[in-house]
Amino acid sequence: MLDETAKGVFTIAATPFLPDGALDTQSLDRMVDFYLEKGATGLTILGMMGEAGKLTAAESASVIETVCARANVPVVVGVSAAGFAAIEALTAVAMDKGAAGVMVAPPGSLRTDKEILGYYRTVGERLGDVPWVLQDFPLVTGVKIDTDIILKIVEECPRCVMLKHEDWPGLEKISALRKASDAGARRISILCGNGGQFLLEEMLRGADGAMTGFAYPEMMADVVRLMSAGDETAARDLFDAYLPLVRYESQPGLGLAIRKHILAKRGAIAHPTVRAPGPKLSADTLAEVETLIARQEARLAGL
Amino acid sequence: MLDETAKGVFTIAATPFLPDGALDTQSLDRMVDFYLEKGATGLTILGMMGEAGKLTAAESASVIETVCARANVPVVVGVSAAGFAAIEALTAVAMDKGAAGVMVAPPGSLRTDKEILGYYRTVGERLGDVPWVLQDFPLVTGVKIDTDIILKIVEECPRCVMLKHEDWPGLEKISALRKASDAGARRISILCGNGGQFLLEEMLRGADGAMTGFAYPEMMADVVRLMSAGDETAARDLFDAYLPLVRYESQPGLGLAIRKHILAKRGAIAHPTVRAPGPKLSADTLAEVETLIARQEARLAGL
Amino acid sequence: MLDETAKGVFTIAATPFLPDGALDTQSLDRMVDFYLEKGATGLTILGMMGEAGKLTAAESASVIETVCARANVPVVVGVSAAGFAAIEALTAVAMDKGAAGVMVAPPGSLRTDKEILGYYRTVGERLGDVPWVLQDFPLVTGVKIDTDIILKIVEECPRCVMLKHEDWPGLEKISALRKASDAGARRISILCGNGGQFLLEEMLRGADGAMTGFAYPEMMADVVRLMSAGDETAARDLFDAYLPLVRYESQPGLGLAIRKHILAKRGAIAHPTVRAPGPKLSADTLAEVETLIARQEARLAGL
Amino acid sequence: MLDETAKGVFTIAATPFLPDGALDTQSLDRMVDFYLEKGATGLTILGMMGEAGKLTAAESASVIETVCARANVPVVVGVSAAGFAAIEALTAVAMDKGAAGVMVAPPGSLRTDKEILGYYRTVGERLGDVPWVLQDFPLVTGVKIDTDIILKIVEECPRCVMLKHEDWPGLEKISALRKASDAGARRISILCGNGGQFLLEEMLRGADGAMTGFAYPEMMADVVRLMSAGDETAARDLFDAYLPLVRYESQPGLGLAIRKHILAKRGAIAHPTVRAPGPKLSADTLAEVETLIARQEARLAGL
């Protein structure tokens, strides 16, 4: 079961498809192995970058079952939906198949503090004993959650054990949450997203690691390890070597296709297929990715 | 099968729940009968006002099956979803159980004309022979569809047979579409939403009727009938008598709860339950509804 | 000076233009006289419906000067802007020329309760002694202000003397604010917008009147008067007679052009010109307006 | 006068303030000198990062006058406003004081291709002979402009001489525009924003340079120079050395305060003051900036 002590790298897993768009179950196994080899301490599936919204209910169940059966690390399942019935139904499937917890992003219609707090109160009631992750991703959801509201959710919902931190800019939020837990608030795990672009500073501010899907999970695992070991300079050197590609992969919309292209190139999945509606990569983009990878390798070799 | 000649009133059906939030299948039958008695020439289920987003996949299938089995009029099923796999899956269920067609609203991420047209081209390809309704509801979806783009969709997608018109203001759009079909474009059915607030003028502009869920479907049926018969004055008198309540029920968010309260009061469903997340009606609101209904009845008696 | 006891109808004044788009100062005087004859107890200028955003700074000053010189009722000046420097500058002009107070809507970038409260705290500090109106209009600003935040603003900002209430739905907000002032919070004036569509219920909930620009201000003045006198039935009869046109004029974007057309037709302004960017009314729309006015007159004659 | 051949780096100039928030005219001169020393081939003032929205009309005029008097390179003035009257008024001031052209971002209310095209047609008509820049910045404006619409604007508006490119992701847009001009469309200047995060690839795709405000304009000037000279490797080495700070400065909202802090530290302006409403930098942030600058200097020293 997921709990407040979770740390390291929970990779946001892609969902692999065959060239015709069908679910590629065989690649799912291979991809899980790849993520674990590269240092993942957990996996998050059916998130936004997992194309959750493009799957049927049956496909979602199949992904959950395959990943949970293969992975020997905690698996978090994204269950965000427009209504609580769908959230509960998918949570039941997830926990039944061996997930460690679920993740819930706020629906875009929420605006005021009261609405946000009310929403997560209900999430807490409905999910009962299931540990859950609060996903805070304003760029995509349009919902901005104040630090004080996160603290109230943490206070009122004992099974909220983790924040997926993806506010941008969001460094002050981490500092404020850690200051609050130092002062007595329950300390939950904070894993950070945004493609890893701010992982270095996020660790400095008190994050426990990363939850994002950059195609080189080993960078995130090593940065978290080095920062935890107090070797900030080595962490920065490593981070900077990957940064040009991190930046390139972080382009909204396009990023998922770039990520899948790299994962396929690295052998983690068989095909880079993104389900429609989704972007196709141009020859220019592919060439730019190749150049960035070549320079990254050269620079890593020089560290 | 739904086609371009559809007219009259396709009531947007509520989804009835028991006080504990479970699906109220028994009320579904009663509600279908009620709508038909009040003059519905079709039904639309699993729309936004049908709380589609709050149902599990299994519940959606159950609603489709029950309504299609009971109704002897065409049933349109809302199948809007974030990805085409889910749209196709729900469409297959709908058509298998006897629906006449499906309805697709644009995902909120679409912005440019090209994106919107591309999206509906894919809808057309994926749905194959199934007749479908284009739902144009910018207030909720955030997607504004230009009249020329609707005409291109109509031109390129032969199975797009109806526009659910819910732009606001949207009267000029109806006029422009009818002018285009007078000039040779394929003429599709236009049924209008927005709670019926503009039904009078919509009929004057060339609409074929209404597709909305005002709790007195007989008003819409009668207005459409009177306008079609050329009796505009009688239509206006009737419309004006209901307008205070139409207006009150059109309050966003709150409107569904008011509508269900009235449907329950009228015996169409057993309970006014709205699934969470949803509003509760205050005593003030309930009193205001009572007053509006009383005045409406008095005024109708005087016509 | 504006204070918490303000009541009645503060008409949102149009800004009249000549056919070539130049400011029509002569019509400004005529329009002020018209509004006062029809029962306005105050005027609000340079609001959204006054096309404030389309005026130069010099034109805004000219409108303020002309209206303040002509009107013998309190004039509220809309001073919403992206930054406090512009707000202060326009406020200084307004108060110098004899305005009774200013009105400030929140910038669309505000999201959380803390951001909204912080913004209005600064408004309060910057405006010093000037009485001001909090404009709450989420449909246009995109900012949803919780009732508790309004109460905090009222508590912390002694010169916030009025709420321009334009939330939709917003009736419960009025009730909650009045319940709070009954329990000891400072009672501020609440004047309601939304084109007058809910004026009847707003008065029932405790509003002090209307602040909106419906082209027949006498309806609003009479409804407020009748409701204040306890004659709810007469108020409802009057309100219902105007409702078909209230509804038609409330179409977003188009509404201002319709309103100016009617004001010109009634002789309140010389030309119905709306400054670009703005809509042009079609022949169909003009005909629909004529029909609605004719029926309105007939119905009023029968009361 | 600005024309289609503009290239290099048009720095988005900050607007310096004194600690009490008053305009710091003396720093304006110093800042202009600094930008020119660091390689700026043009300046852009009163843009979003110039806090244009927080200035009064008189202050805006003062900034224009000071900068145009001091700079011996073309000055572009941001004149975006809600209405054309304000755009025309500010443009008149700008051109009178010696600006080379103006820049216009779309108002956030525009949605469809037709609305966007119509808006810029009017811009073109209203601005007459004045050369202007189309600002395409969807993350902030909310308006997504299709490449084909940009091409239509270029075709219909001969005085549109430059695109400020700030779509994200936007690399394909540059490629498409250049492909179109290779095929005969008028070729306009494309200068790119987004804090310089993609400057390398933007140059590869055919951009003419940068228009953004990164606090080390020399990086942008050198990258543009090296890329133009065909020395991609040197350009990449330089770019990568600055990237960690480019990334850090690109945080929305916070970025302007970071930029002003660095500009003050570098002596370009006297005070890092950001006008309210705006963020304050924490001690953590300041320390992170220092570390990034120190590493940047070390890395540059090693090139």
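First chain written, first letter: the chains are A, B, C and D, and each begins at residue 1.
Assume a residue touches a chain if its C-beta (ideal position, glycine included) is under 8 Å from a C-beta of that chain, and two chains touch if they have at least 3 such contacts.
Source: prediction; values computed, not measured.
Rounded to the nearest 5, the angle that brings the Cα atoms of chain A onto chain D is 180°. Simply put, of A-B and A-C, more C-beta pairs touch at A-B. Chain A and chain D have Cα centroids separated by 33 Å.
Mean C-alpha position of chain A lies 38 Å from that of chain B.
Centroids of chain A and chain C (each the mean of its C-alpha atoms) stand 47 Å apart.
Taken residue by residue, chain D touches two or more other chains at no position, since every residue touches fewer. By the touch rule above, chain D contacts chain A in their complex via residues 168-169, 171-172, 175, 197-198, 201, 204-205, 236, 239-240, 243-244, 247-248, 251-254, 282, 284-285, 288, 295. For chain D in complex with chain C, the touching residues are 21, 51, 53-59, 81-86, 88-89, 107-108, 118-119, 122, 275-277.
Chain A makes touch with chain C in their complex at residues 111-115, 138, 144-146, 148-149.
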